[in-house]
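The following pair of complexes shares a single chain, chain A, combined with chain B in the former and chain C in the latter.
Then we have the complex of A and B:
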């Protein structure tokens, strides 16, 4: 028996490439769409990064245009804003990721604990719905809530005898507003993943705990949260990869081009949009994209390395 | 083994991807040989085909010429539009065996879509409507999007246009010694900005001659706010900061800005000394402080909504037509529409006393510069497969009365008719929503006053009076030949644009914190830090090369 197994292993490693393909054809076939997708949309365009280093002109194409080194990155650095923009982008994303995940887990657990079926469904739907509203509409909704002359909030404030509030002229109000708007919109969607993970927890463990006399809080603290840990870590890791990529739709539609608010709301995307809309330049835009990708790559690698040190099972690779 | 598999897969898709790109390129170069042969004539030797007589041009193959313009694809008027195009194409087929298609670039994000379409270079478009001041004509010429038009080509394929445009105007269309644009240089229009306002209300406010200065404008807005509390004097959307700031400068100096360096028009000379460059935004500190103070006053009067900088829902011009606002900031062309008793301008029906005046920026100092002739121009796409035929079609559209009227006004008797006075009126049973062609095909790249028929519903007495006033004070645009080389100062200009936009929005809408002096000082310091002096010096160097 042991010998046969050893032989089989030996045979396996002697298989030629095509024999292997034949043996795993079903698995390979199932992978193909995903592989093709990434090849076509992530790997094939990669040589295009070159455009960030040339003075691009239409006739010579990406690879025929003149190489100019790092000149395209110059405008980001010379504006003196690179630090502020990167800081704003990263801080907002950190807030979004951390608070977003925390709230999502919280909502998922609450939903799980609800016993009344129809109430559970209704609240889930209500929490989920904002996700489907376009950012453009969110921008308009927020403007109609908050604007000075006819805004809903100011209507209530004045009718209660308070002073009007002018958020569109005070930059300090926006970090909180932005995070609230983001959470309102995204929490429902994010909680679905956690909700599914909770559903996947072995019910025997929970029943056993009940039999042993664990109350609701203990159940959450000692069973549900630890079981969610891998999901939380992996989702965090994925999210961190995009931490330098700002949420353009959200910021542009809500803040628009109101310079009074830029000090706290300007992120890399919105700045680049303004700077490159006036002169239509593929090269500078790609330079910015590359800058963001490189920083994102570094952050993912570092965090993954740290996670691997602490808990190897939870790391991405 | 796994790695090899991945590598193999990658290699195949890469090759497939590259091959995909390659084949389309190959296709265009193969069919581009005709244009290549004409391009070689640029080098001097006269190629037989290019210098051949017009009658000897081979038009045996029927081709479709696509012309790109900004504007919306006709929807309500589609039926009449199709009829017009059929008629037009009959003539074009008969004369040059070609037919015309119009490729519309919708106004939403028009500049990006316009540039992206040009960047395709796959023969999607042949003729390109362009402009040096608002449609990136020169950047696109530099990027290689436009075909160089040799004199031989123009003489052969667009002879009428070649003859009608004087030599000095062709000079304005050159970059590095090559002609890229065919200018709309025989069409009178004024796009200098100002305020369109209700003259009848200005008179009520005590301004018997109408608004003649920025101070009068303040008086006017104050009066409107008090006398008509339901009306927002000017429901701006926060985008007029460029016009307000450069308008103020025009009214308080003899600055003549150079087009096409940045949107703010921040560099230029003076009427006395055209070729010494400076930026009034750096030098005219006191004037800017005055400006900041007056705009703060306007903000406090309530000329616009408090959150004007976030006001995206403004429909100020349409509101003006029905009388729910008291002013519109735009240029003379727009005033010629708003001042006239057209069907859309309901104020004149609702209120028989209603009148519209125009306060043009620079009125106090008589500082008005005529429009650059490349404010509208036609170029040929370098990706065009039939550039010769494209030129032939353009020559007809611009100079042939039949083609011109079809394209610009539609079919006579259906979309327009000519009155006894020779004016263009609408026929009986005409419905503007379904029958209108004028203003939908947007041929702003070759309008021709020799063929234009004046619209009957415009108030020509008032319009001509203003045009005459302009003609008595104007200077011609002096910098037509100057195409700035901005490669070395590009990052500075990007940053200056950003600073100008951010500060001017706050200054021009009175939304700054602190005093006027402080905000102007801060703005000027930021400009200096971004390197505005370097940019001025570099542009001056290029100026000296060209003009000295």
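Then we have the complex of A and C:
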């Protein structure tokens, strides 16, 4: 095997670039549409990052507008905007990642203990359902439950003699609400991976434990959780790699353009979207976007380096 | 792995009390999972129920789990203008075309990049993968699409960007990896070209992968509202279903928040029941289809989980 590989490498290195192209022209052609796609939609916008360093106006375009260096960034830093957005984005993501994985493991373990087949199947299907709907519908569902006039929750509150609750006018309620909504939508999806990992545990190990007299709690504590540990660690690490990337669809469809809630719900993505689409302030939007991309890039690289140290098979590159 | 478990198990010293703890876990499990599943399904039931309730009842009593007076008025209002059927046709067309084109490209690319003898596989893989590590951001993307590609108010602005993603290509690569390399080799020995090997030998073995990735693509197209919100203005008459829904919601918000709100009669604000009827119509097909395709998603998530 090793010899064959060495030989192959040697043969390869003897070919010139054009010989390689000629030899693999069909395979290259097969990749061409995808390469063009990423060139057109992912690489082509990159020179446009320049807009973050100019005072953009329509007439002169991205590259003709006046260069102002780091002024766009300066404004964002001194106004404290960048700090607020980063804090909101990171804190929400931390809560999403930690609670999300905890609940997913919890649900997967409980599902695995169920013996009634139809119950297992039906409940799994239902728990997975919220993942399949559009974020627009999630926004509508939440509004339907929580709005002041006709909301389901307020219907229950008034019928029990309590005062009406007005979450759409109070920013303080949303950190908890957002986390609950996120868990509601994503746990079914997240638990699938853990459920599959539990199914992959050698059934002989579990049988042997039973023979040795391990009870249900011990089985979970000493067999299932330890075998899930690598999966949990890897998934947590990769999730942390995306910690500065916000869940735009979720936040925008729930909060929309309701300024009363911005103090606790404005994340990097929602700010960039409004700056681009409502204010047409492309320079500020791009400055925030570039800041996010650079920080995100550094974090992913770090995470990948850590993963490579502990579990080289799972590293991204 | 297995050794470590055995060790942990030995350390536990396993005290025997078989039965009770299993019963506790199981009992708790049934209660918890039932409660959780109810939380997942009740919002859907409320939406369906609201869509069948008359507006006056909603205003007076709020939304309910079971409609007090059953009525089809909201559905009649939604379907009256016929606009929703046009949205349906547009969404179905986009979903079918986008999924077919995207899937073909993803399959070809996934196979080529998994070929061990392909000299450029690492470079191209990195070229694609890098786009998920670093993005230009929304503002440059928006300017490029509108001012250089001139795709404002063009359906292509919605169709094209959803064709593929690095994650889906990696997922395809992981599926292809499971096919033994000998199959490609045997094709070569028989004198087949790379394209012939791909279509005649590899594609038939990729059916589960095609189903899984095709469903992810289709779901993306069906639920699409984001690209539409960026690029489709009011000049476009027919819009994708979810974006239509998005606009109805935003219209309600805008009217309620506007300074002139006091001069607008209630009749101009889209009614709750109509909003819900729209939501049911836009989401219905996917919810009905979903139990049948669930297993493909599950396989996709488990194959693509880690290297996603």
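The rule is simple: the second predicted complex is superposed on the first by the 206 of 317 C-alpha atoms of A that agree within 3 Å, B and C clash if a C-alpha of one lies under 4 Å from a C-alpha of the other, contacts with A are read in each partner's own complex, and residues count from 1 in each chain.
We adopt the following convention: contacts are C-beta pairs under 8 Å (C-beta built on N, C-alpha and C of every residue); 3 or more make two chains touch, one makes a residue touch a chain.
Nothing here was measured: the structure is a model prediction, and the numbers come from that model.
Student: Considering only the touch criterion stated at the top, classify A:87 as touching first (chain B), second (chain C), both, or neither.
Tutor: Touch status of A:87: no partner.
Student: Based on the superposed arrangement, let me know which partner A:193 touches: chain B (first), chain C (second), both, or neither?
Tutor: The second partner, chain C, only.
Student: Quick check for you: in the superposed arrangement, does A:78 touch first (chain B), second (chain C), both or neither?
Tutor: Touch partner of A:78: chain B, not chain C.
Student: So which one touches more of the residues on chain A, chain B or chain C?
Tutor: C
Student: Looking at the overlay, does A:66 come into contact with chain B only (first), chain C only (second), both, or neither?
Tutor: After superposing on A, A:66 lies clear of both chain B and chain C.
Student: Scan A:51 for contacts with chain B and chain C and give back first, second, both or neither.
Tutor: A:51: touches chain C, not chain B.
Student: What is the contact status of A:166 with respect to chain B (first) and chain C (second): first, second, both, or neither?
Tutor: It touches chain B, and chain C stays clear.
Student: Considering only touches as defined above, state whether A:22 meets chain B (first), chain C (second), both or neither.
Tutor: A:22 contacts neither chain B nor chain C.
Student: Both chain B and chain C touch chain A; at which residues?
Tutor: The overlap between the chain B and chain C interfaces on chain A comprises residues 20, 35, 43-44, 139-140, 143, 149, 256-258, 275-277, 282.
Student: Tell me, which parts of chain A touch chain C in their complex?
Tutor: For this pair, the touching residues of chain A are 8, 12, 15, 20, 23-24, 26-28, 30-31, 33-35, 37-38, 41-49, 51-52, 61-62, 107, 110-111, 113-115, 119, 122-123, 125-130, 132-137, 139-141, 143-145, 149-152, 154-155, 158, 184, 187-189, 192-193, 196, 202, 205, 208-210, 212-218, 220-223, 226-227, 230-231, 234-235, 238, 248-249, 253, 256-258, 269, 272-273, 275-277, 282-283, 285-286, 288-290, 292-293, 296-297, 300-301, 314, 316-317.
Student: Across the complex, what residues on chain B touch chain A?
Tutor: Going by the criterion above, the answer is residues 1, 4-5, 9-10, 13-14, 17, 111-112, 115, 118-119, 121, 136, 139, 142-145, 238, 262-263, 305-307, 309-310, 312-313, 382, 487, 490-495, 497-498, 501-503, 505-506, 511, 529-531.
Student: Which residues of chain C touch chain A in their complex?
Tutor: By the definition above, chain C touches chain A via 1-2, 4-6, 8-9, 11-12, 14-22, 24-26, 28-30, 32-34, 36-37, 39-41, 43-44, 46-47, 50, 58-59, 61-65, 105-106, 108-109, 111-113, 115, 117-120, 124, 126-129, 131, 133-144, 147-148, 160-161, 163-164, 166, 169, 193-195, 198, 219, 222-226, 229-230, 242-243, 245-246, 249-250, 253, 257, 272, 275-276, 279, 282-283, 286-287, 290-291, 294, 297-298, 301-302, 305-308.
Student: Would you tell me which residues of chain A are touching chain B in their complex?
Tutor: Within the complex, chain A contacts chain B at residues 17, 20-21, 35-36, 39-40, 43-44, 55-60, 74-75, 78-80, 139-140, 143, 147-149, 166, 168-169, 255-260, 262, 271, 274-280, 282, 284.
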